[in-house]
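One structure follows; several queries about it will come next.
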Amino acid sequence: MSDTAALALQLGDDALIAAQRLAEWCSRAPEMEEDIALANIALDQLGAARLFLTYAGEATNRTEDDLAYLRDDREFRNALLVELDNGDFAVTIGKLLFLAVFQRLRYESLAKGPDRRLAEIAAKARTESAYHAEHAALWTVRLGDGTDESHQRMQAAVDALWPYTHELFEGDAADLRRPWLAEIERTLGEATLTRPADGWAPSGGRVGVHTEELSKLLAEMQVLHRAHPGATW
Amino acid sequence: MQTSAERRLDHQTEAPDHFDAIVAADQKVEPRDWMPEAYRKTLIRQIAQHAHSEIIGMQPEGNWISRAPTLKRKAILLAKVQDEAGHGLYLYAAAETLGVDREELVEMLVDGRQKYSSIFNYPTLTWADIGAIGWLVDGAAIVNQVPLCRCSYGPYARAMIRICKEESFHQRQGYEILHTLSHGTPEQKAMAQDAVNRWWYPSLAMFGPPDGDSTHSERSMAWKIKRFSNDELRQRFVDMCVQQAGVLGLRLPDPDLRWNEERRAHDYTQPDYDELMRVIKGEGPCNRQRMAHRRRAHEDGAWVREAARAYAEKQHV
Amino acid sequence: MSDTAALALQLGDDALIAAQRLAEWCSRAPEMEEDIALANIALDQLGAARLFLTYAGEATNRTEDDLAYLRDDREFRNALLVELDNGDFAVTIGKLLFLAVFQRLRYESLAKGPDRRLAEIAAKARTESAYHAEHAALWTVRLGDGTDESHQRMQAAVDALWPYTHELFEGDAADLRRPWLAEIERTLGEATLTRPADGWAPSGGRVGVHTEELSKLLAEMQVLHRAHPGATW
Amino acid sequence: MQTSAERRLDHQTEAPDHFDAIVAADQKVEPRDWMPEAYRKTLIRQIAQHAHSEIIGMQPEGNWISRAPTLKRKAILLAKVQDEAGHGLYLYAAAETLGVDREELVEMLVDGRQKYSSIFNYPTLTWADIGAIGWLVDGAAIVNQVPLCRCSYGPYARAMIRICKEESFHQRQGYEILHTLSHGTPEQKAMAQDAVNRWWYPSLAMFGPPDGDSTHSERSMAWKIKRFSNDELRQRFVDMCVQQAGVLGLRLPDPDLRWNEERRAHDYTQPDYDELMRVIKGEGPCNRQRMAHRRRAHEDGAWVREAARAYAEKQHV
């Protein structure tokens, strides 16, 4: 697999697994407007995933569905952050905030990069990511600066998720951590939340060593497609 | 110069005539207009029930988002379920023009004082159910709802125009799912037929009890909330489905279904109205599950809504 | 499929799905002794399932694993009761009480029945069911007559599950309801619990119309087996 | 005649000699015997950590019970995980003979004051991990534990005899899973090799830090709690695995692994002890998950344990 295809796969997997998790909220969100908003974001992520996966599979003659439905967890390249359980709404918002700010920065950089196809997809996706980041930041501030309970939950979410953010900046993405941190710290500050200390930095997603959650997510996601090999839907 | 009390009195004595005139002229009653209390109550009940149905209706289809067989289908289904949330919102907004709060209505749904369409108390067992719901359930909804676009209450009629446009899009998607399945592998075709077998009669029951047993109907007709009887709409639906089933290559599970040249319509077997009554009463396969799901979402989200309120208040200080 | 094979399938599916649900408690039970006890019961159910499914598949040349792993939910014949979510410990105990007393009565009757193979399996399984029923009854009484909270939870469990018990007595098993009721009412009485009124009686499991839960349970149960068609394990 | 205080004094002055004599003679110290406080504390810590490891160790393997690929494998795995709960119980009982409560120990596990074996902080990613855990992790446990069957403290030694018997059964089962996979389809063989690649070094690390860095070790040797050094046991394990890996047809992921004729043992690459220290400190892939799981089970079960107590008390009135 070429470096470009590998990168497209990684970007696609991040977006796909994020979409799958976000869609779990459908019909369960804290308010109807938020149900719609989360579904929107899931749809954006899914849309980006399809473009990236299509591109990733071209060289090896695999479709977006081949890649989404016929790999097992050891072959997925998403960061661990996106596969973590949704937890409560604060955890979901925390995951989205950390991911979307990262995605926006990454897409911005790719949109200026040498690969034309990646640049095109990234140019489209970055606008969406900017909206996702804004939406997540808004909720982070509301929850952080809302009630005592919401403050405590949002802080707990940020603390629990923080270790998983380091993995996002592995390899080529290392340069993005500084602008990412600046933006995240601003949002946390506005939300009256404490920025956790760096420390434990779990990783493995980029080489296919995931948490125990991913294979369960995939079991559900892939069950129907795999039960009918070669069928058209 | 009149006092405001006098104006109100004037308004109230003149109002009934005005209301009757609007209805008679097939014009729209608007929120500012006087309307009979019973008209208002009927509309609130109907619109709220309709809104609740959109919200509860997210569950049976939502059940298959995580397992949709291709990414494209996943996107289409997610967008569809999202549309239903949107329809819920328009409808709650229409109900609010009648002087109730959405929160109040949601409470009534959650504690069982208001109902939602019984169709959503059936389970979605396979992917083909997503197709069958689109084709049959959305199809029935459209037949029910198209006349509501001409309903005498303006905000409701306008909401319905928007909703019907999206519903017919959804119906086409469902039809297309079934078409693909029925032209796919033998297992896929069997899955499609099985889904149609299970959803056919519950869809017929969506039009409500037979005209003879229908309460509220006559008055709703006079007020031009309702324009056709349950049985008229049911017949229209059957005739439409027969033709489409042929193209799909699927059987409708009614051995007595046949064209009646004299009536220029299909004869068909009525759904089991006792079953319908049991499901309305709360004894469908999924009533408890749907309510528990909704209630859990509502309760789990309470701290979030509270936080949002608290934050908003701080901004206004 | 012969009547006997159909019956064996039904018995096997009840036991298999019950085993799968009970095994979900493994490493999660309220005390370690109970973790062991629930695993024991799950193992008994699984053992009985294997014998019944082996027998059910013989005429059509299918193994226990073919039947367990290669049917979808529309082909499963278990009662709805066993596929319901575990809920809290009270729900699990309620499900087990209702099922095990039923299984014991049914196995007793089959052990005297005309089919030799069924009779043999049933004779072995009824001893185990008697133990399961005793264990569940013990906990029903402890929880029913324990604290206010446990009483309330146990009553809620019994109320929620009661409708699903009617299906157990469909068809040939109709005669068993009277002795089943006698025993259950005695246990509920001892547990200071109210016997719910009969009413709603959901069914469909015996003809393959299940709850939405079953296909998800099967997605997880079957994922690995299905991913490697024809492999030996 | 002696007063009881005098007897106690006698006992205490004579006791150290008696204890030393028992240990020197390779006999068993029993709960009734006097023992040095440090000996008691060391044993409590070690036995509790061992018990906690059995309980936490249920999780990584429990993760695959629902997905076991055949009913037979499901039954074997469920029985194995159940055995681990049983081992936990024997070991807590052994610890209780030293004057602590199980409940107390469980609290110390749940709030992080006591540890469990770091190996269980790695995830089980595929079915082959169940084989690799049986073969390597249980294999390493047995090499560690067989000498404990001769440990100077009677109740611990006796618990270990029972446990070792079951563990070696488990190890054979794990070996057999890997053997079947490595002789199965190419995908299965790859799965087996992948699992061995991931579990090899963590298994080597189960023997603890190299002898030079090992705290507690010397005193434990003198007390005959421990009989061999970490490195001696690790070497024994490596030599055993090399031979078995050959039969399995799987590679051990160490390019420098080779027979050293001079030492009559295999040279091998040491595990990453820094990683071991990080995992012990709480920074393994699954530490938080394992603890959260245990804590949740403990908390969710509180009302049940309370009910059982309340019921038992009523029976005694």
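Think of it as A, B, C and D in the order they're written, each chain with its own count starting at 1.
Assume a residue touches a chain if its C-beta (ideal position, glycine included) is under 8 Å from a C-beta of that chain, and two chains touch if they have at least 3 such contacts.
No experiment lies behind these values; they were computed from the predicted model shown.
Novice: Would you mind telling me which chain pair, A-D or A-B, is linked by more contacting C-beta pairs?
Specialist: More C-beta contacts join the chains of A-B.
Novice: Roughly how many whole angstrom separate the Cα centroids of subunit A and subunit B?
Specialist: It comes to 35 Å between the two C-alpha centres.
Novice: With chain centres taken as the means of their Cα atoms, state the distance from subunit B to subunit D in Å.
Specialist: Computed from C-alpha means, the inter-chain centre distance equals 60 Å.
Novice: Using mean CA coordinates as chain centres, what's the gap between subunit A and subunit C in Å?
Specialist: Whole-Å distance between the two chain centres: 40.
Novice: If a residue has to touch 2 or more other chains to count, which residues of subunit A qualify?
Specialist: Only 72, 219-220, 223 qualify.
Novice: When you check subunit D against every other chain, which residues touch at least two of them?
Specialist: 67
Novice: Output every touching chain pair, sorted by label.
Specialist: A-B, A-C, A-D, B-C, C-D
Novice: So in the complex, the part of subunit A that touches subunit D is made up of which residues?
Specialist: 72-74, 160, 199-200, 202, 204, 209-212, 215, 219
Novice: How about subunit C: which of its residues touch subunit A in the complex?
Specialist: Going by the criterion above, the answer is residues 72, 216, 219-220, 222-223, 226-227.
Novice: Using the touch rule from the top, collect the residues of subunit C that touch subunit D in their complex.
Specialist: For this pair, the touching residues of subunit C are 16, 20, 23-24, 26-36, 39-40, 42-43, 46-47, 49-50, 53, 64-65, 68-69, 88-89, 141-143, 145-147, 149-150, 153, 220-221, 223-225, 228, 231-233.
Novice: Can you tell me which positions in subunit D touch subunit A when the two form their complex?
Specialist: These residues of subunit D touch subunit A: 60, 63, 67, 123-126, 194, 198, 282-283, 285-286, 288-289.
Novice: Spell out the residues on subunit D that touch subunit C in their complex, using ranges where they run on.
Specialist: Counting only subunit D, the residues touching subunit C are 55, 58-59, 62, 65-75, 78-79, 81-82, 85-86, 88-89, 92, 127, 177, 180-181, 184-185, 187-188, 293, 296-297, 300-308, 310-311, 314.
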